[in-house]
Structures are given as C-alpha cells and as structure tokens.
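Read from first to last, the chains carry the letters A, B and C; within each, the first residue is number 1.
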C-alpha cells in the first residue's frame, strides 16, 4: 500500500512539479501569465529541448556531452558570418557541418582512442569555445536578414515558429529512437556495449553517430538561437550544457545508460525553463542559476538513488 | 625510505624532465624576455598555485576517480577569503573561513561518491557549477581588489629572491608525498584506486577513504585559490575556472594515469611546472588570450590522448612480458 | 586432529536477486582438520565462504566459533576472529609490491613526526620476508605483484591469508587451479604444517585426487543445499560424485555421432603475444569439438580472437575454406559465426531488455530489412523460439534478467539460431546451470551438430567435454598440447595434459 503510494508519487512527480511551478509562478509574479512571457518561455524551452535531445541520446548510450554549449557557439558564429557575407543557405549548411564535425570528433576520441566521454567532450568544450573566440576576435555579428530571422523569431497564427520546429524534430527523433533498428541498437549499446558488440553490432559506429547527431542538434539549436537573438557572439550557450543535463535527468533518463529517452526529456526541459524564467521574473540574481541547476541535478540523482533502494 | 622512493620515481621521469627542458629552450629562443629572472620567478609563482591544486587532483585520480570541482572551489574560497579580509578579519582566520567553505564542496563530493556511490563525474561536475555560481553570487560578479601587503606576501613575496608561494607549495607537496607513501591513508588511496573490491575484501573502509580524499582535494584547491588571490592581489569569482583542466594535464604528464592505483604526486609537481611554463611562454610570444586559450586546450587534449594510447600500448606489452 | 568442534554454521540462507544461493546450509569444522567443501559450479560453496569471511551478509542462520555465537558483518570482523580466506580470483593489487599487498588494510604502524601514526615500513618488510620464507618462496618483498608469475601470485595470496596474527580458520577457494604438481606438493606441506599447529582449513575443490590426499572430511553442497558430510577415507570418489551431481552422470549426455562434413572453421598458426601461440585446429560440419584446459590456458582468448573481439598478431582463419580476417565481431557475424560467451549476463545478453528484443538483437538487419521495427513480428519470432527451445518464461515480454541461468542460455542460443549461424562457439555452455536445464542444452547441441552446424565448445567441465565432443583439444599455457578423439579420451590423460604434466603417468 505504502509502496504503491510512493510509486504513484514518483511516476507523476514531474507533472506535479510542473503544475506546482505553474501555479506558484502565476501567483508570485504578475508578469508570468502575460503573452510576451509565455512566448518567451516557449522560445527558450524550444532551444533547451533541442539541445537536451542530444544530451539525452548521449546519456542513453552511457556517455555524456559536455561540449554542447561550445559547439553551439562555434557553429553558429561561423554560420553567422557566412550568412552575413555570403548566403543564408550556405551559412546554415556550413554551421550544421561544423556541428557534425565536432560531434564526430568527440565520438572518434571516445571509441577509437578510448577517452572517457567526460574528458573527450570537456576537451572539445574548451577547444570549440576557444576557436569561437579566436574566430570572432571579440566582436559581435548582428542584424540578420528577415528570412533567416523567421526561423527563430517568426510566428504562425500567433504561435512561435520554434514550436513547430521542435515538434518536427521531436517526431523525427522519436521515430528514429523508438521505431527503427538504429534506435534499438542505440539502446542496446547503452545497456551493454560488450554484449551488443558481440551480437554483431558495430558499436563504435553507433557511438560516433550518436555524438555526430549531438553536434548536429547543437548546431541546429545554435542557428535558431542566433536567429532568435538576431546576433551572434563567442560566449553564447554556456548554460546549455548543465541545463540540458538537468533537463535529461529530471525528465527521467538515468545515468545508467539504455533507459529513458527523448520523449521524457520534453517535460524536463520545460520544468528547467520555467524554473529559470521564474527566477528571472522574481528578480533573483542570475548568478544563482548555475547553482540551482547543479542542485537540481544532484537532487534528482539523490531521489533516483533513494527510490531505487526503497523499491527493491 | 621515502628518499629511496623519490629517487626511484625520479629515475622514471627523464622523459618529462626533457619535455620541460625542451619547452623552456623553445620559448627561450622564440620569446624575448622569456629567459629573464623576472619571468622565471613569475613562472614559479604561477606554478605554485597549479602545484597545490594538482596535488588534490592527483589524489582523486590515484583513487581511480576525478575531481572536476577544484577550479571553481579555488574561485569560491578565494572570494570568501577576500571578503573576510576586506571585512577586517585577521589573515589566519580569513584563510580558515575560506577553507572551511571550500571543504563543504569536498564534503558533498565525498559523501555522494563515497557513501552513496554516485557517479563521480556528474557529482563533481555539478559541484563545479554550484561552487562557481556561489562565488558569483557572493561577489555579485565583481572582482574584489587590493589586499594588505602581509597577505600578498604569501603568493607574491620573496625570501632571498625565492618566491614564497613556491616554498609553500613545496612544503605542502612534501607533506602530501609523505602522506601518500608513509601513512595508512595514503596506502589505502592506492588500494582503492588499484581495485576497490580488493581493498574492501582486505577490510579497508573504502567509503571513508573516498570521503577523506575528496575533502583533502577541496582543501588543497581552496588553498590554491587563496595563493592565487594573494599572487594577483585581487579575488575574481571566475579566477579558478579552467584550473581543473590544467590539473588533470599536470597529473597525467606527471605519470599518474586515469585508471588509478599507480603513479604518484611527485611527478605531478613537474607536470604542473610544464603546464605553467607553457602558459607563460605562449603569453610571452604575444599571442592573444583566445589563441592561447585554444592552443593550451589543444595541447592538453593531445597530452591526454597520448597518455591514454600509451597506457594501451603498455598494457599490450605487459601481456607479452607475462608470457616470458 | 581432535574431535573438538571449533566452527559451526547453522541454517545459513542467502538470497540474491532471482537466485536462492544458499538454503538452510549447516557445516561444522573440527580443530586442526582439513574440511573439504565439494560441489558443482554454482552449488553455493563460494557464497558460503564469502559469508564466513565477511564479504557477504547472511540473510538468516547462526555462526558459532569456539562454542560462542559470533556476528560477522565485515572483513575486519572475520579477521579479528582469526578467519582468513584465499579467494578464488586473485585479490591482489598489481601495481603494489608483495609486502604492501600482504599487509593491505593491516599495515604495522608507529609514531612518526609530530606524533602522527605512520607506516612502520621496516617492520612490515622484515615480517613479510619471514612470512615468505614460511610459505617457502624465495622472493624479495619489494617486487611488484604485476611482475610475478601466476603461481607466485597464488603463493602471495596464501602468505596474505597466513599473515593474520591469531589465525584459527583458513579458507582456501580452489587454491590449486593454477598450480603445477610441484607447487601443489609445496602447498600441501604448508597445509599439513598449519594443520599440526591446530589451524582448521576449509578447502574448496572438485579435484577428487586432491581431496583423497589432503582432506579429512568432506561436506557436499548441491544447488545451494546441504547434502551431507562424510569422512574422506571411508568414501569412494564415485559416491562423492553421486552426492555432488545428484544422479548418475551417464544419461546426462546424449550424443549421436555422425559422419562429419567438410571443414567449416580452420585455424592455422594463430598467435597473440602473451595470450596464445601457434594454435592450429579445425572444426567440421556436424562436429562438436571440445576445448579443455585450466582457467587462463588461453581457450577463451582464442575464441575471442577468431570472433574479432580481440586482436591477434599472426596466423590465418578460414571459414568454409575462405580466408577471413575479423576486425570486429560484426564481421564474424556476417560470416555466419555465433558466440555464446562464458559470461552470459555481461556478454551474452542485454539483461535490461526484453526476451524478444534479445532474440532478434543479432538479426535486426535480416528481420527488419527496411530498418523499421515491428513489434508483432518480433513477438512472433520470439514465441517460436520459446516453444522450440522450451524456454520457461511467462511470455516473450519479460526482462531477461528475471530468467534462470539455463533459460538465459537458451535465449542466447535462440539469438544465434535466428541468424542461421553455421559455426557456433559455446564458451562454458552450462556454467551455473542446474542439471535439468543442462541436459536440455546438451540435447540442443546434439541436434545442432546433427543438422550440420560446426560447434566449438570450450568447457572446464571434464565429463561434459568427454561426453559431448567428437574430438577434444587440450590447451596449456596458450598452446594446444594434445588432441583426442572421443574414443580414446580418458579423464586422467586429459587432466595431465591440461596441468602441464604431459603424458607421463
């Protein structure tokens, strides 16, 4: 009886947190339930959701990707300068390619050289960020063409375009991870890489492709981000890494690998966005953000760990 | 006994000492003013901070784990101590308060990793964020400038021309060397890193060893943070960011690989000198900070890759040796 | 030896997730006796000893030492009571020296500078040298363990257990598995010496000849249950085997030898530094070829090299007469090979996933050529194999972790049958599986051979190797040292080759 109650609580904990957050924020801040703020939250959440999908895939394969924020910055900075100087299409393509490339390098460092995902992607984090700074030389690029800005800040029938884009990406990724043999192999690799390899799956290729996909998602998020912001600079996106880890974990994808999935992460990303949005509305110093996110990560690990011990 | 050990370990180090010599020679030729007395003193001061924080990282890596939170612990302890000093608290007390705050980070790391068996990467990475954030919160993002000369003596002073910072770093290093070779605790760190199950089967309280090591690591990081504040005469809330990366590199170069249970803190000292020289030399070459930043990142990741490949190669050669 | 009982275990039970490892087991050990603990793999011997030495905690039952009830909650508790253990797998730190290993966790200390407690290294090394002398090995206590040979490591393990100050009971878990004849003799003389000092030894082994030489009494366990305790002198080996196995072995192996077909797998001069050297053998269609040897003889390593999981330095592999080189297992699978690994839970199955998902894991490309999963098809295939292999499971949607060992092995087998593998490598196919499921797996293997599959079987279970194989290769220290046909295979000769004694009887 008692167990059932706790099981129930754990299962619906995310919904309850979400509802409590919504109620609390609407009571505490009159600005929360305004049209501009809701659109703002949706936009922010969309970007975090895209980035968190990448993080989720990495964690499902029993890895992690600490380079997401910097890869986002590097690819979008380079894309921005090409969009300004050449063409939008070329800029977008090159931006996406850079994301793919960074992600693939991560995957190769992990599989072929044998670095742990933490170290490999942390190294990539420094290098990509550094390259972004070198490339930008301390400047900003701003004022994009209207056509490009549409992707990140346009609206269709009053709804941000970003929302449609996220829905599209969600559908694609859900299909890919839940309905295809590729997705099955991602889960198998994350659950038990050795057994999966011995069953004839090229697990190196799986890991590399997942990290490449991560890089691609980071680049997509980066392009949408600069489109929304109408500006690009080297220091953008630093918060995304930790936030996306938190979104993945509270969404319900645990660190053990082979469990959870992108569908769960949506909820986690929305909760994280509301939390951060609420802190902004309540005028809590933005310096508290990282601590809060870190705390949320540790807390969700703690709850997962305790509930596992309890339920067994 | 310790002496023999030190000699033995030094004999294994020629590679990296040559490395240091080559780096010094390279910058000596390419960078003006690199081989000046002033600059050498600068490198030593810079190295003293890195040595202290790397010692803690080395202990964590010897344990078969890692401590990503050392850099932001440095920042946090630095600003806490700085604020205390500006409030007129005496130097020893201010240092103690700073270190106490830093040890809370180690306490959380140690408890969650040692007793709750959480993944050490994610715990120390989260704490890295938390400590960084707290440092920004209490300073509101601002740098605390200007300290008393008696406090600055720690990191910036000289005794007979030798920087005080390096003397302090050496004293701490000797203490940690003694600890790791001559105490039960040190031996237990090697045992847990070598094989946690064997350690447990031998009756070692592995959780406690992990717990204590993380606290020690945060204390060392905290002290490094204080040295840094004293050296640059200001407490910047993001001053320590990135030191965890340098510390990992110093440890690996010094001959303590990631898998734990072997290597030692002695090599780390030289590893830290190499990294400090590298940073200083690139600076002296007149490269812009972003380029330095990227270049050092590249070099460090190459060092790590080289180290991992080297361990793989040695493991293969080791298999052949067993056959003979 | 006296009749005084020093140690008594009463009604010990231990449950692991999914397995009842020990069920109400009792044991009494007399002062100064060598008490043999006998049983098949998975009978619960090691679990019982791990409870006694404080590694595991018992669920229920009582332990009495010298007539007093004691609680053993940690390794330290056991050591303080004078109970030492030599574990089956090496329990040494390779990068530390002999003395550091022997005194691990109980290093002698002294007051150092500032009154701090520091290691007393002088005492530690001199005590260690003494101890090494007692055990009869002439080694410097400063040598790193990684530089020692296997037998020397084993002696260090023994010295480690003997280093307990008030040693009363010494547990040895298969201590001779890796020793040569001479080393075994040395070990036995040490055992006799400690026995005469009144120390009791609990000796785990399933080598009959050793039991006859060194044992006083034998306690037999089977499937986690206590079967009985008998004096060695009055009990013939056949009776012990009957107690251990629970029924006559003869009807366990069913094998229809048929005329083998062409060579399906041929291995020429395969070598891998430090693992195996110049390995030559072949497996023909319709054959089961057994590989026998001690742990570490290189059998699994050869299998993994053939399968592309490990690299090799030299030699050739031919499948159906065609030269192949596998850089990774996926290539081996494409060449219609299958591997049922030694460690089912970690290498053979994805235990978090469902039964049906495990069955199709190696054939995803074949079953779903468009790359899109179909739940229904998956279930149908799994159901087919559940019936075909008689897998005991509620349905195909269970997590494999919840199945018993025998049924898990059948799932692994189903996975490879679905790929239409022609060459199957079975590595310890029945380890930890109960007798009933064993017989079924043997029957399946027999059927597979009959249908023309080529089977390479690695096993440490000698009756299984002899009962099932067409031909038997014996490996010793990375080399094939003998080949037997099933007609001229004899237990004694095979064992002699496997422990490096050659054909000298």
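In this text, a contact is a pair of C-beta atoms (placed from the backbone, for glycine too) under 8 Å apart; a residue touches a chain by one contact, two chains touch by 3 or more.
As the structure is a prediction and not an experimental result, all values here were calculated from the model.
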By CA centroid distance, what chain is farthest from chain A? C
If you tally C-beta contacts per chain pair, the winner is A-B
Length of the line joining the C-alpha centres of chain A and chain B, rounded to whole Å: 31
Please report how many Å separate the Cα centroid of chain A from that of chain C, as a whole number. 45
Residues of chain C that touch two or more other chains: which are they? none
In their shared complex, at which residues does chain C touch chain B? 55, 74-76, 79, 87, 91-96, 100, 104-107, 109, 112, 116-119, 121-122, 146-147, 149, 273-275, 277, 478
Chain A to chain B touching residues, read off their complex: 64, 66, 109, 113-116, 118-119, 122-124, 126-127, 129-131, 133-134, 137-138, 234, 242, 245, 255, 285, 287-295, 297-298, 301-302, 305
What part of chain A is in contact with chain C in the complex they form? 179-185, 187-188, 191-192, 194-202, 204, 258-259
Contact residues on chain B for chain A in the complex? 66, 68, 108, 112, 116-119, 121-123, 125-130, 132-134, 136-137, 140-141, 242, 245, 248, 258, 288, 290-291, 293-295, 297-298, 300-301, 304-305, 308-309, 312
State the interface residues of chain C toward chain A in the complex, per the touch definition above. 307, 309, 328-330, 332-334, 339, 341, 346-353, 357, 361-362, 364-365, 368, 371-373, 415, 419
